[in-house]
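Both of the next two complexes hold subunit A, though its partner changes from subunit B to subunit C.
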Partner chain A sequence: MLIQQLVNGLLLGTTFALIALSFNLVVGALDRLNFALGETAMVSAICGALFLSQLDVPFVLAFLAALVVGALIAGITFLLSFRFVSADYHTAPILSSLGVGLVLTSLVTRVLGSDQRRVPTVLKDVRIEVGPLRIVGDQLIILVVAALMTVLLYIFLNRTAWGMAIRGVSDDSDMTGLLGVPVQRVILLTFVISGTLAGASGLLTGLSFHTVSPFTGFETTLTALMVIVLGGLGNITGGVVAALMIGVIETLTVAYLSATYRDLIVFLLVGITLVARPQGLFTRNTGVVGRV
Partner chain B sequence: MRTALTGRRATIFVAVALLVLAACGGEDEGSGGGGGDQSDAGPYRLGLVHSSEGPFASNSATMREGANYAVDLINADGGVNGRDIELVEVDARNDPQTLVTAIPQLVSEEEVFAILAPVDSAGCEIACAIAADLEVPTLSAGAGRPGVLEPSRPWSFTMTAPDASNSIPVLQAVVEEEGFETAAIIVDEANATTQAQADLYREVFDGTDVEVVSTTTFASGDSSFASQVTSMSAESPDVIALAAGPADAARIAVEIRSQGLEALLIGTGSLQAGGTDYINGAGEAAEGTLTAAQFNPENPDEPAASLLAQAEEDNDLESVSLNFAYAFDIVNLIATYLTDSGATASPDTLEADRQGLLDYLEDVEAYEGMSGDVAFAEDGTGDRPELYAVVENGEFVISEVGS
Partner chain C sequence: MDAYTEAVVIRLGIAILLALGYWITAATGKFSFGHAAFMAIGAYTAAILTVNFEWSLATSMLISGLTAAVAGAFIGWIALRLSILYLAIITFAFAEIVKILLDSWDYVGGASGLFGMRGTTVELVAMCIGVVIVYLFFLARSRKGLSYEAIREDEQAARACGLGVTGISVEAFAVSAAITGVAGALSAHETLIITPSQFGAPQSLLIILFVVLGGVQYFWGAIVGAVVLTMLPIWFDFLDNYYQITYGLLFVVLMILRPQGIIGRSTERRFNLGALKKLASSRNGAGRDG
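Here is the complex of A and B:
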């Protein structure tokens, strides 16, 4: 059973990893947190779920729809909460993006109601059993798609001109701008990619949990924050490792202790990390406060 | 449209006629008389406390719909004593602190005559106790945890038979009949009502010599149940008891089936009371789920049958849920008292009128409403039949125990 629980934890962690990557991209580009990303993931997931359950489209199409919705919302959030806000007011983008998140939740509940929506099983009859280990079809989808998106992101950031521009803006936006890179367009692109990742995370999480609820946005944000505090703000590799770690810790806590200890143990771990290694477990540069 | 309105009016006529008959049958000789036309006095105000969040949000939503439907029908028919009924609604958002401030506000500022208390036991316990301190009658459509009304008696009532007295004999009969040997319980640890459900299951399994091989926990609103179901799966139980709100139970059922477990899923009456929320959330995974039940949405007896049919038509419902019907009956019970006693519920008489409602509720013997015959036990809980429900083709099919 332990092996199965470890796999469950890793699968949970992969969904955390995508949303943490999404947050980390924005932090890298702007040294700011987009607090609407949790709600972006939620709206994308609900749209994807509606495509699957109401329009009965193939999963690939619903997934692409979720990505597009995520990208659109993130782009709009950039324009509303970051683009035209002075860099001198550090808290303004935080509060503004929190507001965007609240508006998104209210819009969804007003338009579609507050009920959770079922995400239909995609690969119903697929089940792989190796000894005590059992992986069902949807878990395979989550694993493959999350890994694929992480690899694609890595290739994009390291092997393309736009990816290099994003890394340049992340390192030193002024210098990158002086070299002729359109900084604002690069930042917008970063937001769009982060929204795409949030959209993917939202629908994959829905697939894992079988439902999506309009009220999960802030919870997702909170989980992503814990991941990036543990992994190191802006550290993409650290974020992935920390996400998998939290997924495993949460799963094992529920399995062997109690569901009520789950958050407590993760929060304790985050608290200890903030005190002992504020830069995160996998980062050597400045800590959370220094970056944001 | 014309046909619908005609049918509705006919139903109102039948309902009001029966209400009056029921009231005449159950009351003292001197209590009748009616209040005449009080149309200048403004509406009768009733508080309604619901919750848009938490494990029983869907039950709360259907309770709200049922109460509003009752008020709409009564007001469309000219109101009570020439006055409309107005619901003053509060969304407690599953937050005890909101109840602590909202109930006194309903009583002192809104001057409500009585309160429709939260459907969930945890919320009802708090709300009813506060209202009892202020000597305001409260009626819950769904609170069924044993002892939930103790802090607030005699001012509180619940339309529901306690989970324990209703569900234990029903589930024990089913478990014995099926010959189960092992069971697993999954319980929402963050909610007092579901913890009481877990105790109820333990009593059911103790009484039937079924071994509980796994008890796993979660917290209300948790999203992932993979870990809990994996733990249960390792023990291969014959039956899995769901101590959870309908929405959580639905997600658990989907995870159970997606991991390939074929154990029978059972629930208490509150799972059936959640109406379609469990079935819609779980989809095919809900098929075969067995719950205790105390309300039959296909009740063939009159006037319930007519009222249920009309409610389905007017509200475009596939089936009327328990909380809807119970809330409908609460509003009509109060309306019957107001009609019969002629109470004005004005600031001068509010205290005496509330006491009058309390006395009336204590004496109700067999009020015939949408949910069937209503009567209250000495502890203020509803006296209901022992039924069970099985999910078949996407709906709860109700049967009597032993049938």
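Here is the complex of A and C:
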């Protein structure tokens, strides 16, 4: 029973990890938060769900569509809320991206209706049973896809020229610009990748609960914020570990205490972290805290 | 004054009070994203006192202001030592915590809310606004007002000049929370019923929009923002169905064209179009500000 809950928690954590990665990439690139990413994930998930249930396309295609939608929205958000906004106003990108989120939520409810969308089961017959542990096909998909995307991102960031450019901009954008890196294009690329990750996390979360609601955007943002604060703002590895932790904690709370305490315990944990270790659990230097 | 006008005037007055309260923290450059939580704290405190203990509304308002101030000081103490991103995250989470707690607290009716409050009058609202405006009038002309401005314009320079930035910001945050709490108390005794869901993220964003639209430079800018945004849905009925889209677009457009708000001077042009063109043509424009 406990092992089953732990595995469920880790699975929930992998979807959190994707959205946290998506937030952390933007924090790294610009030292700013894109508050519209939760809504981006929601819109991608709704699009993916519509593709699956209405057009009956294979899951891979719907998933790709969700990724493209996420990337597009994140790119547009970058232009509207970051690129064209004066850098002298620190809160301007926050407010502007919140505005984009509001518009996205109300557009979706206006155009597609405010009812929940069903995400059909993809792998019906697959099931792994190891002793008391049971993993169904969809959970397997979530695990594999999330792990694959995380690994691909690591390889991209650490082994390719563009990945190095992203890390360079995140480290020191002026210096990187002087070395001939097109900083704005790299930042746009970072936003697009973060949108892709948000889209993936949206549809995978939808797959795990089999429904997608147009009102979950804000909730997703809030969870992601808790994860990245716990792991350390801008710390990619810390974010993944914190996401798995929060996934396990939430699942165990729901299983053994009560669903109403789920968010409260996470908030409490993050609050204690902020007072005792503001740089996050897994960050050694406080450089990021000073910078953002 | 007939009942309809009175209701509109009271709503307008509460909006102005909320905007003025928020302006105080925005004047130090610290934007809270969960001010509706302080409204909720004020509203519930006052409602418990007047309904369950039959205190007078005026005393309850004072107590609710105090409670909100204590909560504000606590949140400010945690968040204002850190950067503006952390402040945003913490205030967001705080608003959510308050909502969850109120939702699961049976004494105040849980999610179905608390009812039976009455007694907000135009005079009471006007008096509160009067007190706040007098306070802000003298604040704007005092050393403290100057220090707020210094912190807003350049926090590092302010710190280098010997200002206790964190202390001043926390104090401003607490005062701001207190005024928001009083406004919450007034609004609870006007709407007759309060539920936790009234004080969610949309309410917080609306309060921010009041101040951002008006501009943070002068406190009366906040009043203008509050009046415009409260009267807009009343004058234009059709906006009612699209108000979320309208507010969202307003944020986006305003931040590009006039991030300083409608009212407020800037060294840049009247509208930021020049900067827009410059940004669009240069490759490495406003990456970030070092």
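We adopt the following convention: the second predicted complex is superposed on the first by the 287 of 292 C-alpha atoms of A that agree within 3 Å, B and C clash if a C-alpha of one lies under 4 Å from a C-alpha of the other, contacts with A are read in each partner's own complex, and residues count from 1 in each chain.
Just so it is clear, a contact is a pair of C-beta atoms (placed from the backbone, for glycine too) under 8 Å apart; a residue touches a chain by one contact, two chains touch by 3 or more.
If you're wondering where the values come from, they're calculated on a predicted model, not measured in any experiment.
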Which superposed partner A:Arg127 touches (first subunit B, second subunit C, both, neither) | first
Which of subunit B and subunit C A:Ser96 touches, first, second, both or neither | second
Tell me which of subunit B and subunit C touches more residues of subunit A.
-> C
Touching partner for A:Val144 - first (subunit B), second (subunit C), both, neither = neither
Which partner does A:Leu30 contact after superposing on A: first (subunit B), second (subunit C), both, neither?
-> second
Which of subunit B and subunit C A:Leu61 touches, first, second, both or neither | neither
Return first, second, both or neither, reflecting whether A:Thr260 touches subunit B, subunit C, both chains, or no partner chain.
-> both
Check whether A:Thr211 is in contact with subunit B, with subunit C, with both or with neither, and answer first, second, both or neither.
-> first
Subunit B versus subunit C as contact partner of A:Gln5, first or second or both or neither | first
Residue overlap on subunit A between the subunit B interface and the subunit C interface 260
Which of the residues in subunit A end up touching subunit B in this complex?
-> 1, 4-5, 8-9, 11-12, 114-116, 118, 120-121, 127, 134, 136, 138, 205, 208-211, 213, 215-216, 250-252, 254-255, 258-260, 262
For subunit C, which residues count as touching subunit A in their complex?
-> 29, 31, 33, 78-79, 81-86, 88-90, 92-93, 96-97, 100-101, 103-104, 201, 205, 208, 212, 242, 244-245, 247-252, 255-256, 259-260, 268, 272, 275-276, 279-280, 283-290
Could you please specify the touching residues of subunit A with respect to subunit C in the complex?
-> 27, 30-33, 80-81, 83-96, 98-103, 105-107, 110, 169, 173-174, 177, 182-185, 187, 218, 222, 225-226, 229, 233, 260, 263-264, 267, 270-271, 274-275, 278, 289-292
Note which residues of subunit B are touching subunit A in the complex, please.
-> 52-53, 57-58, 189-190, 216-219, 221-228, 230-231, 234, 247, 250-251, 254-255, 258-260, 277, 280-283
